[in-house]
Amino acid sequence: MLEPVSNKQPQDEAVLQVQGLDVDIRTPKGTVRVVSNVGFSARRGKTLALLGESGCGKSMTAKAIAGLLDPVASVAGGKAYLDSRDLFSMNGKQRRAVAGEGLGIVFQDALAALNPVYTIGTQLGEAFRIHRGASKKQAKSEAIELMRRVGIPEPETRVNSYPHQFSGGMRQRILIAMAVALSPKLLIADEPTTALDVTVQAQIMQLLRNLRSEEQMAVVLITHDLAVVAEEADDVCVMYAGNVVEQGSVDTVFTQPTHPYTKGLLSSVPADAQRGEGLSSIPGSPPELSKIPAGCVYQDRCPLASAICREQRPALRETGPGQRSACHFAEQVSTMQSNDEAANGQDAH
Amino acid sequence: MSIETQTEPERTVLEVQDLAKTFHVASGSSGTRELKALDGINLSVKRGETLGLVGESGCGKSTLARTLMMLEQPDGGTVRFDGQDPFALRGKSLRAWRRRVQMVFQDPFASLNARMTAGQIITEPFATHKDLYPTAAARKQRLKELLELVGLRATDADKSPQEFSGGQRQRIGIARALSLGPDLIILDEPVSALDLSVQAQVLNLLNDLQQQLGVSYIFISHDLSVVRHVTDRVAVMYLGRIIETGSTEQVFESPLHPYTASLMSASPKLDPALRPKNRIVLQGELPSPLDPPSGCRFRTRCWKAQPICSVERPDSRVRAADGTISLGMPSVSRSEEQQIAECHFPVQSAAEAGLAVSA
Amino acid sequence: MLTYLRKRIIASALPLVVVIIGVFALARMTGNPAALYLPLNATETMREEFAARNGLDQPLLVQMAQYFGGIFRLDFGTSMRTGQDAAEMALRAFPATLQLAGTTMAIAILLAIVVGSAAAMKPNGILDRCSSFLSMTAASIPDFWLAIVGIWVFAITLGWVPTSGVAGAAAWFLPVATLVMRPFGTLVQVIRGAMVSALSEPYIKLARSKGATEYRVIGKHALRNAAAPGLTVAGDLTVGLVNGAVVVETIFGWPGIGKLMIDSILQRDFAVLQACVLLTAVAIFILNILIDLGYALLDPRVRPSAGARKRRKARAAQGPTQGSEQHTPQLAAASMAADSTRGN
Amino acid sequence: MASLEQAASAAKAAKGKDGRVSMFTMLLRDRFATVAAVFLVLVVLTAIFGPAVMGERATAQNLMFMNKAPFDPANGWLYILGSDSLGRSMLARMVVATQTTLLVAVPAVLVALIVGSLWGVWAGYHRGRREAVSMRIADIIMSFPSLLLAVVVLFVFSPSAANIVLILAITRIPIYLRTARAESAELQSRTFVDAARTFGTKPNAIILRHVIPVVTPTLLTLATLEFCFVMLAESSLSFLGIGIQPPDVSWGLMVAQGRQYLQTAWWLSILPGLAIVLTAVAANVLAAWMRIATDPAQRWRLELDRKSTKAFEKATRQAAKMQAKKGND
Amino acid sequence: GCSVANSEEAASGGSSAPSDTLRVVLQQEPPTLEACESNLTSTGVVIRSTITEPLIERNPTSGELEPKLATEWSSKDDKTWTLKLREGVKFHDGSEFTAADAVATIDRAVNSKLGCNVEGYVFGDDDLKLKEVDDYTVEVTAAKKDPILPLRLSFLEVVPEETSATEKVREPIGTGPYKLDDWQAGQSINASAYTDYWGEAPEFQKANYQWRSEGSVRAAMITSGEADIATGLSPEDNIGDLGVSYPNNETVALRMHADKAPFDDIRIRRAVNYAIDKESIVASLYGGRDKAAAQLVPSGVVGHSEDLPVWEYNAQKAKDLVAEAKAAGTDVSAPINLVVRTAQFPKIQELAQVIQEQLTQAGLTVNLKMLETSQHLTYQVRPFPTKEDGAIMLMTQHGNQAGDAAFTVDQYMTTKGAQSAFGTPELDKLIAQADAATGDDRQAAFEKVFKYQNDEVVQFAHIAHQTGMLGISQSVAYEPNSSSGDELRLAEVTAAK
């Protein structure tokens, strides 16, 4: 069984520890394991970024930790400790006690996540009413305070507005405010800035930074924007087809990726490519979750793949200080040619 | 750029002047209020060119696209497509025009009917344009071509949209837009739903198509790195107006408008070396389009705002080739190379634009 | 709000006039009422006198003009059958119907919310299956069965309640129990459906993520969102009841407007029929406005309402099922919104 | 793990080559829907062949054999459901009534469904004036006493099955009209409809291709609820003497006429009423099933078969237990 | 408040009702209580001889006329009648009953433009001449000789002179044993015993009328003790022993219109009579309470003949007659429309189907046409529909309230009678003779008329003389008679021993 990455750190640093998490989903085509043997930990006051292509199981992991999986999905194995309390063995009541106070979550879709029929004030204050037994009035003043904290102008009047009366950026901030209302130890933010423009994104990132430093909150940031990860995160955990393929500190992983997928991802960024040039992209597409091959999950798209990759699934192993990779050939990744040619060749077909 | 190799003089495919669109939205107890989603838009697209359209969410990008597609009726202004006003077309000629302009929608899920298969979706236009591929066999052949073109398998034709990933869905949308062989494709955030590696595939695909077929694109996105990569020219929108246009390089390297500058500055960079030293972080919220600020629309968030900004709507400033900025002269026909911005106090330097990199 | 009301009133005035004209003309197509009011051996002179007395000797258009002239003087004509003022008769019968309809709907809605919500908690579970079977049966049982069997069981065999009549609270039991079945059955299905879809919305997850109890999640977050389709259907069912629960009013001797209307049709008592239709049409129209207000109360997104055409423009801000015209009889729309996902 | 694989292979076995489950398999997956479908098929078969088989027996009166209670084998199979107030076989009459009932209720529902839905879809798609006028017309029909209409039509024309169908259809049109309009108004703002517009597709083609398939399940479910309503409405027309006329017989007519015997010979009214209720419930169950089966986002509920679902649950439970054990070690 | 308007005072239901109130449940609410409309069953059942009283009253059992507000009457020429009025009678408003009131009552009902129902029913277009001889004597003169004028007068309920002569009055002031207290429209009518009543005081201090249109509900109200008397029940209503049946004067018959084939052939009309098995209908459908009929009036009516034989049921003879007619060229397969009024009397639907079946057995083609009242009336009364797609056979229910066959035959059998499809000159002559006859002659003359119709005209196929059924609770005692359906004398009801 995997050990949490942060084992070397003082134990109290790790707010969240996830070990060997498996999540299954029922589909018409049978049961599918969408998250498989995922482990990571999030440290106090730091940001852990969960990276990976769309559909690789990032949101599932987050929901599993928060205990909010859809009815078709279920946790099939693994452990998650929040401050050394086992989240998966909790009953409903204990869960509810943890929710909000220990663990806040920001959902992917800000527009839909707010209840359209209640005022922002009511929804922001709800956590105080549930956990602190606050009166309506107290809850409202707490809500105003929260809104002020996340930088919403004129909170006293806006507190009575409804979600549809706010812009996307504001709604996203309100969701964050809601998640941090009770100063949880852990905040999971699932793509908090997709669909917002960069100026608003910058504002929100600023907000998360402040919260992190002020409240010593651990943040799990889910995104597929590598640039944001590079700028905001301390640690990164790269997922592929439900598995963790690489993890480590942002600096090392981004400068010295030791998994071909991470490397492929990094070279797909259009940032410095020139107009008209082909972008480097990883050839092929991720495996269907119901047909994950034995052996390495990345074998079909990997330039380094060889016989062993088809037979044996590589375990996550240390490849550098604080960096771990699930690749048989982790050492060769750095010397691997950028897959431009391969990509172009692939695209042309 | 690929098209430059062609000797044919550059032809303008689309010319938009003073396009305006107002929505009436219900508000308060007193009935409706006007929401100027488009407030005098001017732009042009040349053959084989990609025009980027960036701007804050809700600034009117999609509305512009929808109006150009005749899904919304504009309140004013003119649209010329190859010199023709599409809004004046009827019947056959309208259908012929429809064939030449297509759109890829923002949301790859919502724009595909979940009850149809990919094949049905892609060949749907042929039901209207029966003359294109009159026989079932021809249609099937074309479907195969299209699927191949966008990198899908022939067997995918029988799957329904929810069996595809976001990227694949977006490709279905692109295949559908291509099916009629259009001259101009409006791409409304075609890659925002995709992850990086798929995004790269789609962008490459679009690039290849442009090279092969010479189509023009209007490319709407708020991912600046993508815009920078794929477009020839960029128009920046703010609250229903285009506040700056210029070649991609000009706009990205030396923005004139403070809003453009803040966009460029705030854009996160993967490479720490490229990160600006002093980022511009805007204060305040995007004003409500129902109640836009007087004078310059950006003044409420602008760090350079002066009293005059609230009084007067700024005229366009033009940056000449030598770098000097002067008041734009509407009489002088605008050269495509010119960088134009609507601002009283345009940004003068990269440092002021918050783009200076700590070297 | 006032502009909105004014518009609604104007928009509804024309249909109201059309309804009256239609009723007026159609009623007179059902044959001469003279035979019903005169003895079988009445002579020709008596028939003529009768026609003259009731204005039936005039051409239809003249009769109609006179009728509308009368309406402006608030004179709705006189009943041929009882000789009373037609409007008075209709107005006297209406409260009884309204009270019955109101009570019935209140109970039906309450029960349906409880049962529907419980069923929605586990779609296709045992409870769901049972409640859907029961509600379907409730919605399709002939009402006079229930009425007569109810009298038999509760009034005669058990002696708990009076068989019929309007005296005392106990007298309400049977009529209400009989009437409640169809609205209850229909609403259970609608509310269950709406709840299923509401419970799969992201804001439910958000509420859970705050540590809200199931009770709070369902009762507060889901219910209010699921209420709109319920309101639509409840409105239509109420229209049905307001138009008169004929069978129940007949069997239980409930002095309501449904019975009055049927009697007027069968007795060709034109003035009373017209007064009844006018009254119920106005009531239905007010009900529709109330339903619109109900929407606004439930859902802030439709609150600043300003007519259908404009509202749709604001669709950016609105969910799919709220619109001015959308308080429709869409049992279905609702019940099915049930499981259908909005996403595709 | 083994059980998981088993479940997966069991699921696979039930599917066609393309991996999609056929409608028939999906029907079998839903036990209630299967029963409902079988029942409805029986009803339809009875309607088709019943009168030919039982016609004679349904009219044969026997005044000396009135109101005999059902389920008494001593009376012979023909009277297994009892005899009516004229000594006719209830069984035979119920069988013969099936045809008339369906011949009135089905066309009435269908006409209202088709006219109302097409009209509503059209109005909702085009919006604007067309929509407003249509809604006002619906308002008018809704606030019109339908019984008056019935009396007029049947007075001016004459009671016949066709006229009854006409009346029932007209008065129920607004229900579909309003539902279809609401759905269609919502659909016409969907992006895929916009996409179709950009190809120059004509409104009618869009309605046909994109709107109708989506609204159909909703409207069909509505129609099944209406089906029962129409059968009961027909019975109240019969009661006023303007419905189905003897010697024709429908369930509604039997219910209405049997009601005065409710206390002395309950079977006269309860049995045909039961037939109405069961048919309506069966139709509704089937419609609910169909709604799920045709909804791409819901279909999985039926594509998963019970066995594999159970196996899934069991396997996950076991896995969790094993994990727990491992964790403890 | 959550109660129906005005319901607070409505009589309380339940079995523990105070026993000084007599609770009656009727089939329908009276449209009005106007005295001059009292021949309408639903009006008359409430007011006649309970709230208002006539001058002369017919004994429903013996058929004899008896004094009520008039103590004696006589005429020398059958044209001018002199009535002596009762003294010491007080109206409910306290005023004295005098000749002026009697004159005003007759004048109002018969001579005015009010359009009273009773006028059309018993008097026709001709006016009566009235004279107030003294305070307690009135002279009434008919336009022509009228031997049954006293009988006609028995339909008039007396109201005070002050009663409006230009408008109908919904709540009359009468002289009867009960005084109208209040009428809660739609719910109930309450009356209380009139303390100054001239006759014997009724046993119940209060009376309360309600109405329910469902027979089974009325029956249930008796069983559950919510009402003491229920009218218009049928055996299916599950009333058990509490149902009391009585001959109600109503006769059911089929009227055949001879203007179309096959009824233009008397053989077919006879065949119809043979084909219908009246005895077994009466025995099975009506539980043996009704009596197979041979004529339109039941016993107790002047003119009813006990000796007239009921038409024999003979299916073979019916078939033979049809065959015979066919041979003679009659189109026996021409459709016959059996026109029936929905819910006119209990089991009418079944009766119609039996008749349809039996006639079909005889070889005729019969369509059943169930119609609501108003439509049915267009067939019942002249002018008859002409565009009918078949020969008309109307099922009619005739009740002779007056007790004299003249009220029947004039309408049903004369060539021009309002409800007569056809007639013959000979029959018309016989009827005219009977109308003018008095005493035993009158009886004999009418008997002749009925016999002649059965032998030579055959416009009617008589089915049955009906019986009505009242529900009477255990706490009261009442002996119904043939007019109980039209005139429920509450004063005759007593508390059960």
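The first chain written gets the first letter, and so on, giving A, B, C, D and E; residue counts start at 1 in each chain.
Operating definition for what follows: a residue touches a chain if its C-beta (ideal position, glycine included) is under 8 Å from a C-beta of that chain, and two chains touch if they have at least 3 such contacts.
This structure is a prediction, so every number in the text was calculated from the model and none was measured.
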What chain is the most remote from subunit B, judged by the mean position of CA atoms in each chain? E
Pick out whichever of the two, A-C or C-D, is joined by more C-beta pairs in contact. C-D
Need the central chain here, defined by C-alpha centroid distance to the all-chain C-alpha centroid. C
In whole angstrom, how far does the Cα centroid of subunit C sit from the Cα centroid of subunit E? 40
Centre-to-centre distance between subunit E and subunit D (centres being mean Cα positions), rounded to whole Å: 48
Hey, how far is the Cα centre of subunit B from the one of subunit C, in Å? 51
What is the distance, in whole Å, between the centres of subunit A and subunit B, each centre taken as the mean of its C-alpha atoms? 30
Multi-chain contact sites of subunit B, meaning residues that touch two or more partners: 110, 113-115, 161-162
Among the residues of subunit E, which are close enough to touch at least two other chains? 216, 372, 375
Contacts with two or more other chains occur in subunit A at residues none
Spell out the part of subunit B that touches subunit A in their complex, as residue ranges. 1-2, 54-58, 151, 165-168, 192-201, 203-205, 207-208, 222, 224-226, 228-232, 248, 262-263, 266-272, 274-275, 279, 281-282, 284-286, 288
Of all residues in subunit A, those that touch subunit C in their complex: 63, 66, 68, 70, 92, 95-101, 104-105, 107, 109, 112-119, 126-127, 130-131, 162, 164, 175, 178-179, 181
Within their complex, subunit D touches subunit C through residues 32, 127-128, 131-132, 135-137, 139-140, 142-145, 147-149, 151-152, 155-156, 174-175, 178-179, 181-183, 185-186, 189, 217-219, 221-222, 225, 228, 232, 235-236, 240, 255, 259, 262-263, 269-270, 273, 276-277, 280-281, 284-285, 288, 291-292, 295-298, 301
In the complex, the residues of subunit C that touch subunit D are 11-12, 14-16, 18-19, 22-23, 26-27, 29-31, 124, 129, 132-133, 136-137, 139-145, 148-149, 152, 186, 236, 239, 243, 246-247, 261-262, 265-266, 273, 276-277, 280-281, 284-285, 288, 308-309, 312, 315, 320-321, 323, 325-326, 328-333, 335-336, 338-341, 343-344
Can you check the complex and tell me which residues of subunit D touch subunit E? 59, 61, 63-64, 66, 85-86, 151, 155, 159, 239-242, 245-247, 257, 260-264
